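Here chain A shows up in two complexes: once beside chain B, once beside chain C.
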Partner chain A sequence: MKNYFKSKGFITVLASVISIVVGLLIGFILLIVFNPAYAVGGLGSIVSKGFSSSDKFAKVLYQAAPLIMTGLSVGFAFKTGLFNIGATGQYTVGAFMALVFGIQFQMPWWVCLIAAMIGGAIWGFIPGICKALFNVNEVITSIMFNWLGLFMVNLLLNNMPVMLADHWGASNKDRTAALASANPSAIIPKLGLNELFHSNYMNISIFIAIIIAVVIYIILEKRTFGYELKACGFNKDASIYAGINAKRNIVLSMVISGALAGIGGGIYYLSGTAQYTIVKSLLTMGFNGIPVALLGASSPIGIIFAALFISYIQVGGEALQPEYAKEIIDIIIAVIIYLSAFSLLVKNILGKFIKTDTSNVNAEDKAPASPEPAPVKATEAGSTEEKGGNE
Partner chain B sequence: MSFSSILADIIGATILFAVPLLLVALGGMFSERSGVINIALEGIMIVGALCSCLTLVALDKAGFGATHPQLGMFIAILVAAASGAVFSLLLAFASINLRADQTIGGTALNMLAPAFAIVLTWAVQGQGQTTILIPTWTRITQENFGIEKADTFFQNLIFKSFYLTTIVAVILFICAYVLMYKTRFGLRLRSCGEHPQAADSVGINVFKMRYAGVIISGCLGGIGGLAFTVAAGSGFQSSVAGYGFLALAVMIFGNWKPFTILGASLFFALFKIIGSYSDSIPFLPSFKNVNSSEYIYLMLPYVVTMIVLILTSKHSRAPKAEGIPYDKGTR
Partner chain C sequence: MSDYVIEMLNITKRFPGIVANDNITLQLKKGEVHALLGENGAGKSTLMSVLFGLYQPEEGCIKKNGEVVKINDPNDANALHIGMVHQHFKLVECFSVLDNIILGVEPNKMGFLQKKEARAKVLELSEKYGLKVDPDALIEDISVGMQQRVEILKMLYRENEILIFDEPTAVLTPQEIDELMEIMRGFKAEGKSILFITHKLNEIMAVADRCTVLRKGKYMGTVNVADTTKEELSKMMVGRNVNFKVDKCDCKPGETVFKAEHVTVPSKLHKKNAVNDVSFEVRAGEIVCLAGIEGNGQTEFVQGITGLTKMSSGRIELLGKDITNATIREKSIMGISHIPEDRHKHGLVLDYSLEQNLVLQQYWEPQFQHNGFIKQQAVREYAEKLIDQFDVRSGQGPITIARSMSGGNQQKAIIAREISKDPKLLIAVQPTRGLDVGAIEYIHKQLVKERDEGKAVLLVSLELDEVMNVSDRILVMYEGEIVGEFDPKTVTVQELGLYMAGAKRQDGHDSKKEEA
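The block that comes next holds the complex of A and B.
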């Protein structure tokens, strides 16, 4: 047991917990600076609101499901050495495809989800093929495809009168029709969970997301295909030398990454509570996949917990209004990610405090030298949630 | 509107929107050529715009702006540069001293900046007030030069949307070129982005050079943020509408070289604004049967840039050591 506290994994988790605590502390300082009278209540709401009622908890799960998907999308690409900043575009196209199949073609929900997956995959495929064949930086292409996706979806929706809410009896033209009036069978089934949680937000999407995360975990960790993808990420030249088709893997990785983000868009907009609003700014859910992936150290299991954590404090942040801007939560998340970026330093300092003996140094050397502290971080997000619950 | 005034408008607006792209892409160039990927440009722009807009509002309230408009604007530009530089230090610290992943640090800063801007705007202006309006005296008009207003081509071209940031951008562009290619500092900076170990072996302090690169990019990014806000015209709303990322694209499109970056930013800005004039340009199709056809033109700059990137990718050459933290021990 004593050795356990000195182990590398423990220090990694501790470093992550410290990042989170420091992030919350800075958030608390901001609360004090901007409005001292509500600061303590504000912090309380950030750390405990998500568990305060079953409706709030349902909302945590409801937002976590698409976050898991976009987080998986970014994380999966990270594993292959690609930075898929285009998750938000793929998410938008996925949402669009899901809604078109749901409203225009009156298909059941699972067909819509498959359509969403295909839409996202296409939007990931193009940056992938540009990277593989023409060596165009995938960051740039996917940034452009974010905007292209958004504008294309808005253009198409404005020219598909059946899709818009005013075709189905509502008065507003700036958003897609509510699925409840357009096609109830396209709503993701709730299986009675909504009554269990007394919340309209609750459906099976969180379970879909978790199952997909587990599938991705198996692909990455237990299959040759996943190994090849990761090999390309670690060292492209070495993997080509070893006979791996790197170009094919880059394209496939972007396609899968796009498909994951597309499903995310699908499950969010097929929930029956969300309507796609036609605006000229990118959807934040796709961008939030980046912090989720970073916090979860790109590991699928870590991403599940990271998404739950971020969704949890976001629900808490919404309760901060109107005393504070809810963006204080974004500052906290940003600080946590910034600190986790140099977790190496934190770990070194911690390692000095927790003095290791010689045998333990050897143990550290024997540990697999993975560049990212993989699934250990999972526990970190979980532990904070427990903390939130206790308070 | 006559053809000449439309032409003047288009050229004027192109320059107006090219300025922020140029400044920020040049900033990115300094950072990347020193070996640090600066994905935080978007955040730096936001911080620069936030601080300088707050300065402008303060100057306006103090009455200083109305009496010394361009001096006030100059102060705002200095504030933008300084705040951008300070913010970029966060990236420099994480990626140079602590050898953290540069994309992760940059992403964190990109998240931090708009959130911080919204929170601060609320705190300064009261709940729910998310827009900081820019005072009208910031624009350079005919009166500043004592010229009488007239509907001539050159007056339309120059004075319709003329700000001090445009002049500053031209000066900074020349400075950037000279600094990069005609000075010892520039050569050293570039060597740190290509082969830091070799640079270190001849006595160049890689850490210092990389710090310099990031700080210069912070200055330029901050001014770029202000330039974008005056170009957008509707005040600062805690966002720069993805221009930081676009500037990254312009930088890659411009092959990490000043003159090609200038060309790329003008090219991109031209396609960006051509859509808003599509009704008044006779030879452009107007898509009468399509609802909200403005989206077609909004997509245009991205499609064109994609095609150009694919066609020119053979010649694209990134600094060799960018994104790799410098470690003295590696060979």
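The block that comes next holds the complex of A and C.
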């Protein structure tokens, strides 16, 4: 038992819990600042709303599914030493592909989902190939591809009248058609779960996301492919020395990362409850993948819980209206999520107090190794420091 | 009031599962060179890290000039004029030499860097102590020897009086070592005190006044170097008599295993070729040593033939098969094992566990995977076998993270991995760099054992002792070309030194150059 408390996994979980609690406390302070009268009720709502009814809980799951996917997208890239900040672009292109196959081509949902995956994969492939062949930093390329993706999708949708809601009898021209009227077969099956939860939000997407997370976990931890990818992430030179094709792995890693985000986009817009609105700002679901991945320590299993948590907080936050303005709620939620992602920092602090059993017999070379100056490694911190709570 | 400039009294430092320093006392006099001797894992670096403020001891105290001081971090150490050259240098790779030297103590006027002053001071110091550096070169582009000079200049720039050298000669050529010894004597004459961590007895005998010996974290005693011998010191350090000579029978070379023809490799630093038209053979059952001063193309040659960099021309053969254009993986499968020069950069994935590192070259073989799934059990068993067989010591066995292992054991792990692959050709680049006599003895034995089993061994070494003791045939490389071939039994160290420095050249190799 004593050993259990000293294990690395326990410290990781404890660190996440502590940072979540700190985040909630600061969120509470903000609630007091903005509207003291409802602060206590507001905190209660954030903490308990998600469980208050089966409909709310269904909504938590409904939003968590795409978050898991974008979280996996970012986390997977992290593990392999890449920072995929382009998840939102891949998510957007994925959503677009799913909708085109659903509305324009009248395909069933699973074809749409595969199309979404391919769309995201292509949007990840280009930054990947640029990195592998020309050593262009993937952060720069994928940021540009976020905007390229967004405006390309908007442009295409504007020129595809069949895609828009007004073609199917609704009045809106600024959004895609509701799948219920355009092509009900493209809606992700609910398998009676909607009856069970008394909620229109409920479908099997959360299970799809969890299954994919488990598959990613298996790839990373059990497969030679994952061994190669992680080796490249930790030490590219050593993996080249070991005969691993590092360039191929960079490309594949970005393709898979993009595909995951693409599926996320597909899942969300094939739910039947969401319509893609033509706007000029990037979709936040993709960016939220970053805190999800950090909070989940890039571990696929951790990411499932992190996405559920963030989705839960968001559903709770929505219930703060009308006592709090929507923008204020966003700030509060952002603060909570932001602080929750500090778990790495908290973990390091905890590590100083709780001595883990991971130190070694030959401590001689540890001294020079630990305070190593690693000025350019900052972006990899999330991936290299963490092994995840599930191991 | 005190004879000693620094005293570390009864220091005890524990890590989970081990006492790294057990009641150790070290007293450094002003103006002396004090050697700290011990095997890998004896606790030398830990003790120095305590002095440098990287670790806090559980027991004991540190005194400077007789007064107790508390050193919480390297800044405190710096304030006490304690400076350290670490075994693994602490330099910012993408900064220039000058930037690295002034890093942390940048001279500035209202936030604007005053590099001119700094440059003048650095050049003056460099002149005064004979520490040749190019202040504008980037760290990533300069040799290890020059990087070390940068580290020394860093200490001098900060006007440190107590200089700690953590295994400084591990990475140097014989000539550079002599120079360093001279520099140390210069420091001593100026009244600076030097703590010299090493496990090379020759150097202690040459330069140190006194020597403190540690073994497995325990204090073995402090002796006057003048009153002792190499044999006594090594016995204190290892606890048994060490054989300095490598026992081996005559070599019986068989068929040609490896053949290099006109190999040319471009340099990454300058426009000239790092390796120029190098041809030779390595036969089964012989150890061929590529000797030379660092930076004469040995590294590039090995990287060229192993595939880490591209050769611009030439061809290489393994057992009669052309492998010039084979990939690294193909070469590995065909039977080339490579113990790389830089064990942290190439040899290990430091964040992987020991077992994951032990299968780094073989994880894809059916032995370790089935349909792409790694057979964790097989990996574990294989790792345990190697750990046992090669005596790789670590905190948690197979699941120890490689980063947390000592340098000697990291190297043992690499050697275990590469030898266990049962190669046809074993390429070992400075395999004993930074290791203690016990480990060196062991690795030399392994190399000779591989040779006796009929493997071809290509050894690249900067250590003349190693070159003379281990090899069956010596090729000297100078400025990217082979300038001489020798039999270690008939050649002297002095003679080799002349070739290594480029002062002499064998006729046969001269004419070859003219042809090309």
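By our rule, the second predicted complex is superposed on the first by the 318 of 391 C-alpha atoms of A that agree within 3 Å, B and C clash if a C-alpha of one lies under 4 Å from a C-alpha of the other, contacts with A are read in each partner's own complex, and residues count from 1 in each chain.
One rule holds for everything that comes next: contacts are C-beta pairs under 8 Å (C-beta built on N, C-alpha and C of every residue); 3 or more make two chains touch, one makes a residue touch a chain.
Because the structure is predicted, anything quoted here is derived from the model rather than measured.
Enquirer: What is the contact status of A:239 with respect to chain B (first) and chain C (second): first, second, both, or neither?
Expert: The answer is second: A:239 touches chain C but not chain B.
Enquirer: In the three-chain superposition, say which chain, chain B or chain C, touches more residues of chain A.
Expert: Answer, by number of touched residues of chain A: B.
Enquirer: Let me test your reading of the model: by the given contact rule, A:143 touches which partner, first (chain B), second (chain C), both or neither?
Expert: first
Enquirer: Quick check for you: in the superposed arrangement, does A:322 touch first (chain B), second (chain C), both or neither?
Expert: It touches chain B, and chain C stays clear.
Enquirer: Is A:225 touching anything from chain B or chain C once the two structures are fitted on A? First, second, both or neither.
Expert: A:225: touches chain C, not chain B.
Enquirer: Look at A:331 in the shared chain and tell me whether it touches chain B only, chain C only, both, or neither; answer first, second, both or neither.
Expert: A:331: touches chain B, not chain C.
Enquirer: For the complex, give me every residue of chain C touching chain A.
Expert: 15-18, 20, 40-46, 48-49, 54-55, 74, 86-88, 90-92, 94, 166, 306, 308, 327-332, 338, 340, 345-352, 356, 360-361, 363-364, 369, 372-374, 376, 393-396, 400-401, 403-410
Enquirer: Taking the touch rule as given, give the residues of chain A at its contact with chain B in the complex, in rising order.
Expert: 30, 33-34, 83, 85, 130, 134-137, 139-141, 143-148, 151-152, 154-155, 158-159, 280-282, 290-291, 294, 322, 324-325, 327-331, 333-335, 337-338, 340-342, 344-345
Enquirer: Inside the complex, what are the residues of chain A that reach chain C?
Expert: 222-225, 227, 230-231, 234-235, 237-244, 355-373, 375-376, 384
Enquirer: Applying the document's contact rule, which stretches of chain B touch chain A when the two form their complex?
Expert: Those in contact with chain A are residues 39, 90, 94, 98-101, 103-105, 107-109, 111-112, 114-116, 118-119, 122-123, 127-128, 239, 241-242, 245-246, 248-249, 252-253, 290-293, 295-296, 298-299, 302-303, 305-306, 309-310, 313, 316, 318.
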